[in-house]
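Both of the next two complexes hold subunit A, though its partner changes from subunit B to subunit C.
Coming up: the complex of A and B.
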């Protein structure tokens, strides 16, 4: 059912494009389409990474962190500050920003969320909603609401005469893939990673097996914040941002984890890439498509929730 | 190995836990002899599993104390109690279904021991319960009996001194049960562990426990040797009525 729906969803931009005569199927159009798909795929790698952060928190604590996008936004400003304030390369700045992000996530969990985890679902939802607003206002107070950009490798890398990818997008994809794989391997192989997975599967059992789940929650939040800040760093070298852009990334992360399956790390990877490719297709083939991108993403989210609430790889009991 | 004759492993004093108007445990007191296998029995709803949950910190007691090694552990969190040397299994197995047998084992290792030590211990215990061949199998793919063995082995990962087994015979075939009981006796006789078993299977309780505690309506109504319990009027009344 979901497969059929997705096939229709991905065919729809083609149909609209053909109807509005913006799809030609000549060589130049196919080359442009390939370029768009490649760029979308690479953007998907970044989406997947920060989506994985949100799904990690949900999977382990059953908390919906509405401030996740604001942490992405914070990552963009941290990178901007490192670049313009300290003259540090945006990618090298990750060595500075990721540990800070981990500490931030740890701190938020220890001070705020550990007190409400396991309780009514609305409490952490409202708490993170409030936290997100505080983060927006603090960043506004420091940086104003002006849009910022980081000029970094803006030229394109030509793969053939007519097909190219942005260098910043390519390097972002590589970095996001490395970081995502690193976190995945950590979760699979490291003892703390195994403890995180054990806690996600059954926190009560984890506790009687000697796992301090509150400690695990703090590590998980730290990891999720690091993934979000890394996402922020990588989108900041591709797109403009201001304090309000975090909301957009929160909603994208929601769409990603709904599509991939809540709490499933690999699902978030797939969901991120699928969403970004869909966005690229719409912006390329549908007239005024750029304005339709968000509509498509959330339409996709709503229909997936209707048809298969557990998403592509989520658990049946979810 | 010392059998700890006469010593007390754990002392429960006036333990209470109420759920609204239901008195699940209502002033329960008993003392577990060190290095022995004891049994905790009682009709359904008598408060046995709640007592287990109170002893292991899964539930917080309303009042009363649990003294272990001279320390009141009532009110501690489950992982703190686990790290003090008390381990448990569950009535219905609770293994990590999406983790392999080996990962299940490692999940119960203390962070204070090295990864190499934890792996060696896990290998030994998998061998002990004959699960070595299934080390790479996901928990969810094991039979119920194998899950019981895995949970039992996992409970031994940190070499606990006190092991609480909640209905180890439930859903297990006779051969596997015999195997499990041999393991339990080895732990007690050769390693000096203290074991408390909650069980409905009276053959297991009467033939394998040296001391038995009987609960009914949240209170201890009797304690003694198996033959004493079998002839105790309060126990007969609790099980069969007047």
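Coming up: the complex of A and C.
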């Protein structure tokens, strides 16, 4: 079912493109299409960053953090401030922003969310929603609602005569890959990573085995915030952002983790790339597509939840 | 609940209506509009309460019905030349049908997934309203011919408020409402006792979609200009949710109290602190969700000021 749905979803932009005669299948078009796919694939790295943090929190605590997109937005503003305020390179700024993000996630978990883990599922949803509102408007009070961008390596890297890749996209894809691999190895090999996975599997048993699960919750939340802020840094070097864009990142991240399987780290990577490729196909082939790309995330999210709630790689039991 | 109590409640409602009918002429147009918007939020909070308070399916995208209502009024009035009153019924019908289809799909989802799916649906409809320029005017929106209509809209909103309160009261005191409550408490148990849960959930969503559509229609005629970002504004959902939760979800009087109190507070504060008041609202949502999930009414029940039971 899910396979059939995804096939239809990916075929839809082609169908619309052929219908409106913006798809030609000549050599020039194919080269453009390859460029778009490649750029979409690279962009998928950033989306994977969005999804990774959300899926980590969900996997460990069964909480949907609706303020996740706002943390991404916060990361973009932190990078922007470091670039224009301190003159730090956006990628070097990660050394400054990631520890701060970790502390922020830790703090939010300790003050707000530790008390509601395992309770009614909607309480944390509402609380993070309120938190997101606070974050949006605090940032708005400081930076105003203007769109911001960081002019960072905007030139394109030519791979052949007709195919090119944005240099900032390539760099952000490499960064995303490095960070995700790092987190993956940390989760697999490090003692704390193993404790996080144990808590995700069964918090009670983990507690009996001597793991301080509230400590693990705070580390997880800090890690998730750091991943979101890393995503925000990668957003800031390739797209414009303003305080209100956070809600869209939340929904994208949610679509990604639903598609990949909630709580599954590798699933978030795959889902991120799939969503980004679909969005770039829509914006390339559908007329007025740049306004419609948002529909990809909403449509994927709702349909995957209905057709196969566990997504591509999720476990059967919820 | 005895007949006496029903009678008392209707006398209170009638007194409030009479007060609202005869007091406004002595006030300025600003006060009249303020009362109108306050009633709009009473309607919105009560409607949100039908699906989210009684039935327990918390909607994060209820603004979609409000937006559909305003667009129905805008399109039919400006492009088709209808009188504004029939457009309200058309908006309610479109919104109800949309809610039935949407509900058939998304009401299978539980708890947070329903909430997020509704949020996605609302944002999706906003994008469609932006993109479908031939119908909705796209991002430029629709401008209405300029008229002074503060009286008409005030009275229309008053009638809508009365109808919504009576329907919400009826839902709260009928078998229909008891079934919705049963779904909220334990859906599987309700099903095993023979409640057709799918039918009741969808009916609750349709019912809670009709009144916001009419309210949105009246509001669009009042402000005479609509565009996607303001008609599908996520803040409207936040207000509905917060007002109903603050007053006490799952009760009739709770959302009314919440809307009256908090709308007045926000009206006073936003002029002076346009950004700070939203920060304060965010903190307030956190506080209400964490420490008073049953709202003011729960607080009153605990102290014996209000009767325990399903609704008040």
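The criterion applied here is as follows: the second predicted complex is superposed on the first by the 318 of 318 C-alpha atoms of A that agree within 3 Å, B and C clash if a C-alpha of one lies under 4 Å from a C-alpha of the other, contacts with A are read in each partner's own complex, and residues count from 1 in each chain.
Everything that follows uses one rule, which is that a contact is a pair of C-beta atoms (placed from the backbone, for glycine too) under 8 Å apart; a residue touches a chain by one contact, two chains touch by 3 or more.
Since this is a predicted model, take the numbers as computed values, not measurements.
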After superposition on the shared chain, which partner residues are touched by A:209: those of subunit B (first), subunit C (second), both, or neither? first
Identify the partner contact of A:201: answer first if only subunit B is touched, second if only subunit C is, both if each is, neither if none is. first
By residue count, which of the two partners contacts subunit A more extensively, subunit B or subunit C? C
Which superposed partner A:226 touches (first subunit B, second subunit C, both, neither): neither
So in the superposed three-chain picture, is A:191 touching just subunit B, just subunit C, both, or none of them (first/second/both/neither)? first
Within the complex, subunit A is touched by subunit B residues 56-58, 77-79, 82-83, 87-88, 90, 94-99, 103, 106-111, 115, 118, 154, 157-158
Note which residues of subunit A are touching subunit C in the complex, please. 64, 66, 112, 115-116, 120-123, 125-127, 129-138, 140-141, 247-248, 251, 254-255, 288, 291-292, 294-295, 297-299, 301-302, 305-306, 309
What residues on subunit A touch subunit B, complex-wise? 191, 194-195, 197-198, 201-202, 204-213
What does subunit C use to touch subunit A in their complex? 58, 60, 105-106, 108-109, 111-113, 115-117, 119-121, 123-124, 127-128, 130-131, 234, 238, 241, 245, 275-276, 278-279, 281-286, 288-290, 293
